[in-house]
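Some structures to go through are shown next.
Common to both upcoming complexes is chain A, partnered first by chain B, then by chain C.
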Partner chain A sequence: MRHVSSGEEEAGAAPPHPDVSFSPARPGTVAEVENLAVTFRRGNRRIHAVRGVSLDIRPGEILGLVGESGSGKSVLGMSLLGLLPEDTLEHTSGRVAVAGKDMLHGSADLRRRVRKEHLGSVFQDPMTSLNPTMRVGRQVIEAAGSTEEAVRLLRAVGISDAERRMSSFPHELSGGLRQRVMIAMAVAGNPSLVIADEPTTALDVMVQSQVLTLLRSLVDEIGCSFLLITHDLGVAAQVADRIAVMYAGRLAESGPTDTVLRSAAHPYSLGLMRSRLSLTSPRTGTLSTLRGEVPSPVAPPPGCPFQPRCDLATDDCTQLLPDPVPVIPGHLSACVLPAEVVRARRPAPDAGEQDAGEQDAGGQDAPQADAADPESAVPAAADAPGAASAVWVRQIRRTFRVKAGRGRRKDLQALREIDLDVAAGESVAIVGESGSGKSTLLRVMAGLERADHGEVVLGGSTRPQMVFQDAGASLTPWMTVGALIDERLRGEGLSRAERQERVVAALAQVGLPAEVAQARSRQLSGGQRQRVALARATVIPPQVLLCDEPTSALDVSLAAGVLNLIGRLRRQLGMSVVFVTHDLSVARVVGDRIAVMYLGNIVELGPAERVVSQPAHPYTKALLSAVPEAGAAPMVLTGEPASPLAPPSGCAFHPRCPLADDACADSELRLRPVRLRTAHDRAVACLKPELI
Partner chain B sequence: MAVAEPQLAAPLAARRRSARLLPANAARWANWSIAGLLGVVTLVALLAPVLAPHDPLQPVGQPQLAPGQGGFLLGTDGIGRDVLSRVLYGLQASWFAALLVIVGGVIIGGIIGVVAGTFGGIVDNVLMRITDGFLALPAPVLAIAIVAALGPGFVHTLLAVSIVWWPFYARIVRGEVRALAARPHVEAARLAGAGTFRVALRHLAPGAVPATVVTASLDVGNLVLTLAALSFLGLGQPAPTPELGADAARNLSYLLQQWWIPTMPGLAVLVLAMVGNLAGDAIRNLMEDR
Partner chain C sequence: MLQLAGKRLGAMVVIILALTAVMFGLQKISPLDPVHAMLGQSASAQAVAAERHVLGLDQPITAQYLHYLAGLLHGDLGTSYRTRNPLSSDLGTAFPATAELTLYGLIFALILAVLLAVATTLRWPGSWLFRLILFVGASMPPFLLAIGGILLFFVNLGWLPATGRTSIHNPPTGPTGLLTIDGLLAGQFNVVTDALSHLLLPALALAIGPAVSIGRVLRSSLVSELRSDYARTARAKGQRERQVLIRHVIRNAIGPALSMTGLQAGLMFGGVLVIEQVFSWPGMGQYMTQSIPVADFPAIAAVTLVLGIGYVLINTVVDLLQAAADPRIDV
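On to the complex of A and B.
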């Protein structure tokens, strides 16, 4: 959503702010990076974070710098800010210039002045960047110079009651508001470039969408440039003018957003795009993944860093370190192969997944049958669990007493009344923003949290097992992987040798070698840890596997692998899966059915594909449009999710709902999901679902 | 399958135990050597009967010989006993008494701390209020009161000091366990079928070990001082038995003319206390490095 405003004509022109001394070395750039190489020392190891990257940032553009963790994208951002640690400078070569000033070897004073006059920065977690002991007003004034300017900036970033917010402390603001405050401080003093390092990663999808829209409109209005560093190609695609893809400290590809998205020329960018889930990813067949992992930054391979994972690799690739060369003017790719060859190559079939190849990732076989049977598909109407129900949640309510400051306590209504029936072998994805109660529901199902009201009926005799978001934290740090998996086998009457065999088999089942049994969690990578957690959960196959955002902390290419694995385990072991996620595109792929939660209620429940293609609840619709996709104009809801401490009367969604009227706010209203007259497999908690 | 698996074995083997228990640089060497002093002192204490040139209880030479005179390295005391031998035997008594109290404190405090931390709620509250009660009383005064009640004697002194010492460990262990209990790995262990006892023993208690070890090693010095102070006040070993604090106290009247008689045992207390504190710091550094 681009604002056409008075600032538009300035946006393209070179120095938008004549009062700032602006002397680019080359006309048409605000910052230049030339052949930058940065090496860190950790003890006696050298970490080659950036290995020869050249990049220009033009005035008034958003450059999306995309890469997985360890690709060197944040280090590049730090070097533009002139904030590399002093002791790395001797191992740093190349040139980094902002407004013509040397940000690598310039004096500390010069770099500080450039930061003050020409640069702004926004980081992932505003809570750590804002001073928790100072009111935000004072912090913004510090950056802006005067109270009037501070209020103007806060208004400019979309904080409506700016004067009142000035006297708030950072912890009193929501994540989205805090990030807006950070952005206001970043653009104070009219910088020519703002470095935004994962500015939306910690935010809910709806708020992320708002913040991205804000970035775009700021660029168009005040004409500064943004370097948007992100791991999410979708985020960059939504707002960036140009995209640069980094891999293992090298630039893999760069070019105008449309060109890169439509005709990527580097196998890595292509692989990244294929393994990225979108709302249109195929649900049948395994998700495409990138095999292997990112090469170690300690000993990077001499050739193309992507060669070990590349299907097209030739012998040359192991020797030659390819530099980015133009495919067409303005579109660079660091691959020895011609772009046509790369694009022509379809991804090779996944050899290892062949055993399950004919089936799909989320498993559509069982659900179709269920969907056709309304009795089990719509639990809201069911009085007794279906014969083949794996877990049946009945009228669950859960309220927490939380401290509300000054010794007062308040009720936080995490679950307001939930009914959900998960059939044996079925997979249900629960989607919602933070605070929707989706994780609490999962914990109640796992028996980790008791319900105040209602009951959880388990179909089988085995206890549900759970896979946590942070797999590293769910593994006891001082115990070996083998001991952790073995723990579940205790009391099964197995001999030691038999148990050991089962441990190795469980590891093999998730694609890990037997040696991993001797390792402790800190010796494993993020993807390996999540596999270990899965091995532990499935060494004795449970009736129900509960997954709490198991892929949200993983890089795109690894996440797809873990999703494939969960799908395969589910089919092989005949488990039901309940999968909690904030990401609708993930939910659509893993779930046979999707349950959308808002403020402790399920607002929509139905077959995954149908919920995504034809949302019946206004909230689902808004959630869908907030999923970052290239070129899509999101239908941005105003405001933030209501607090579960004080849920609005009537339909909890009515204050943000475009369709709401007085009836929706009626305090007598108790909305429960009811089956649609037009679609019997769908239950929606809304007064006017048919209107959509 | 097309997902990460082929190159797993290699990095694992390389990462495993990579230079963990071996000192990698000078700072680590220094820390290890200082921590090693604990072993040296323990060895000296153990070998006191071998190292001591004379019987510590019998007069073996002229009284009040200055250090070096008559072949007595640290001189002789008021009745002609060898000061060096008395210091060595006294060091043995003080050092092992300190270790004993610490081991007792760690065991009692550890159990109470793990129980309180694991169960939380009312169990935690009751146990910690009792602990706080002990902590509220000044430790030496409480020890003196206990010894006075039980009657003087070395065993009573140890008992008294142990009674006032465990609450520190209970607090530390409880704090660590409580923090760990909020981590997902404990819930994961419960889901995996581990009972409360197993969760406490395998998934919680080991996490409190580093903090406890550091505190314990820093405590050795304090304990040596406390025990010496109690002995100094006459609440320790009975008369002829060598004990550093008691020897310093009893011979205080010699300080002006025959300074070495009270000073040598006092210096030994100083050395023990310093070794304890330095080694405690070194161990903390080593633990933090990990």
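On to the complex of A and C.
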């Protein structure tokens, strides 16, 4: 049931309430937030997390609350739950009501009872959010009241074998199952509202799409409302009835999902949409980014918080804090400019990447390339390293011995047999879910991990350099940025002054000022840290740059900037790039070619654009359909990814494959990527490859 | 779990075996001659040789060790050079006294530790005073604490006795040797209360230091577990704060405190020997202090072995409890 009505929408823009006196719940809402402001104290500093937000949640709707880190979206969720830390309450103003009860200033017991009777919640990490030492059944019973009800709920969220699962501990379940257990607890007792804070962020893309589908069907069946807090506009777009966009503790825009997506009226929402990668983002040239970073929550600017990053900002914007006002009934935007002016604005070229106006070096896979021409084919797995190979990986296998409970040890087959040839200057994106072995492959290429079998041949004399997902953790906390980069220059026979010069040059190359050399990693933002990691990797230009999900921990607007930077460094320094990611839309943009991995094997390898537009392997097709896109109903694969502890016989994908038959399960079958007859640049490990 | 228990018990046997070897070795390299210690410096060479033969000291060293081990297996800890009694009978009276004192010390330490941790975590009113008293107590050496306790509760207030295990003349000599338990079994409740009043001061003096150590570890894990995601989930389900603490947090927070308890129990075995001196407690500490000056090596070895077994036993129990508390621990 999609709830689209008009008329009450203006309620969301209710004027600031000077007092906190209490009115009964308005009909037609399950929760109301009025002019909420929350300030935390951290030492001597005040953190203005939420600064005057008004919002209504209506019965039976999914409201997608979208924002980057620091936008205040999670704090808003915690205030609805009445779970703000006690010491922040004195710095909290406004009104938050759920089922007509005051969730800000009500007594602790009142708020607790509202949580028990009217609210449910799902949090990001289902491993830490479930009690590790309590059986799943008991945890669900706490919310459900009885064993029968708990079993019924577990069935309702799609857990097969619910009775048996009741006696499992959380660590015995997969991530997707754990999140289903969380959802079962959240909808126990038919709450009127469920707060879901990044419920799919820690999950693989296929599991994510299963969970989103489940949320939608639960809302339609039970009729409860969901507040879906997410950083990913695509996730919200897929299931939400309405979307509210938050920025720096303020509401930027809200309205029905289609309206916000099609005719956004706030420059931030537009910027967010433009910098978000999709499967149709342009691959040539630079990605559009938002310049600058989110303003400090300690000293927010007096005017519009987005003004420092806004291309349309006027003098007014630096002075006036705009409140959300209706563009049309039901669609609010907190911008002083008319919506037409905002929408007419074309995205500006990224200021930091001006030099990158030229075309992407990956010209060989331009759509007009002739698929039938064998000359243009990229070898899938060469029998010998090509003259221009930067890394040549042959028959790599890697198995780990892991503890498998009860004192037994099992073999975890991380890499089952990998052949890959990365040409000099080429960029290959490796895509896969967790457990596919993609990071292990990268570590074997880097020489950080030994292969049990096979060989890695490097084209050049320099060792490959690596950039990791968590840039904060990969920079030694007590060393200055300068010292970290300088470390790589030692032993090169350079004088101190020369080394210093090189450090500054490396920082400049990644778009950081020379002063950053004196900073330590904790003083930098996430985007800056990733740039420092890149500067460290490229201060002596390597032949090959290995990137392990370098942007997946970054906000959308920053991730695009880092991707642009990697592309530019690659062209300027003539490096090859091997880029591991779980996100096909990222892979499509950074890779000349894409290698799709499943359970330690490459199942499909080919030119990026065409792998995405014309997938040949059923697994690639499933992955593509799971990428959250507005309105698109995902093709949901049933089941969980198979475990690398016990890979299925034959084709490892056959238990989940819609095309599989007996031949696919044959234990004698050893599938390796082979070139398609219809497209020589494509190698697919499947008995029935199909080009659509 | 069973497999873990098997492994731990196996490790226990190995450790105890190593302990016997060390004790035996020390005895052998000691310059003190036990025979002279027994017979006096002026004993004739003939008498010495005869005694050496009786004690088996003229046999090869490996044979002596195996003989010693075989005796241990039969409960024969050797013969004291000083009292000339079998050590199993000497320690038969001293060991239960020490065991009872240590047991109550450990129980008091755990109770105080949990109180300290919970009171300061939940900020109970008056918890600061409780914490202050414990911290001051813990910063004093136990014997000083014991003397202070005697001066206050015996000399000035006259509330508690200062010496011995009991003032009842014919206490039951029941199956365990622990007066509080034997009294209960025999239905003589006056024995139980009398024994408890004797236990209170020495056990508290023994308990306060370990209580603070265990309590601080427990508190810090309680604080961090109360901030954990699953505690937030429990609150979001509408659980009361007390339920969050009891049902969810305690089992997750107990691990580090259990480790600390094992360590502190080891230290308590050292502390109890001193405390027994202050309270004239007829335990192994008293026995040991009389054995050391006369180089009664079999006695010293026997006491050390008994304490060592106790220590290993407690730490094995701690390991098993930790595995029981956390299902993720697996061998």
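Here is the rule we use: the second predicted complex is superposed on the first by the 643 of 692 C-alpha atoms of A that agree within 3 Å, B and C clash if a C-alpha of one lies under 4 Å from a C-alpha of the other, contacts with A are read in each partner's own complex, and residues count from 1 in each chain.
The rule we apply is simple: contacts are C-beta pairs under 8 Å (C-beta built on N, C-alpha and C of every residue); 3 or more make two chains touch, one makes a residue touch a chain.
Not measured: the values here are computed from a predicted model.
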| request: Name the chain, either chain B or chain C, that contacts more residues of chain A. | output: B
| query | Once the shared chain is lined up, is A:536 touching chain B (first), chain C (second), both, or neither of them? | reply | first
| message | Looking at A:448 after the superposition, I want to know if it touches chain B, chain C, both of them or none. Which is it: first, second, both, neither? | response | first
| task | Under the contact definition given at the top, report the residues of chain A touching chain B in one complex and chain C in the other. | result | none
| query | Which residues of chain A touch chain B in the complex? | reply | 43-44, 286, 288-293, 296, 308, 348, 350-353, 446-448, 463-466, 468, 470, 473-479, 484, 487-488, 490-491, 511-513, 515-516, 518-519, 523-525, 527-528, 533, 536, 558, 560-562, 564-565, 568
| Hey, which residues of chain B end up touching chain A in the complex? | 1-9, 11-13, 15-16, 24-25, 183-185, 187-194, 198, 202-203, 206-207
| chain C-touching residues of chain A, taken from the complex the two chains share | 81, 83, 108, 112-117, 119-121, 123, 125, 128-134, 142-143, 169, 171, 182, 185, 195, 403, 405-407
| request: In the complex, go through chain C and note every residue touching chain A. | output: 3-4, 228-230, 232-241, 247-248, 251-252, 325-328, 330-331
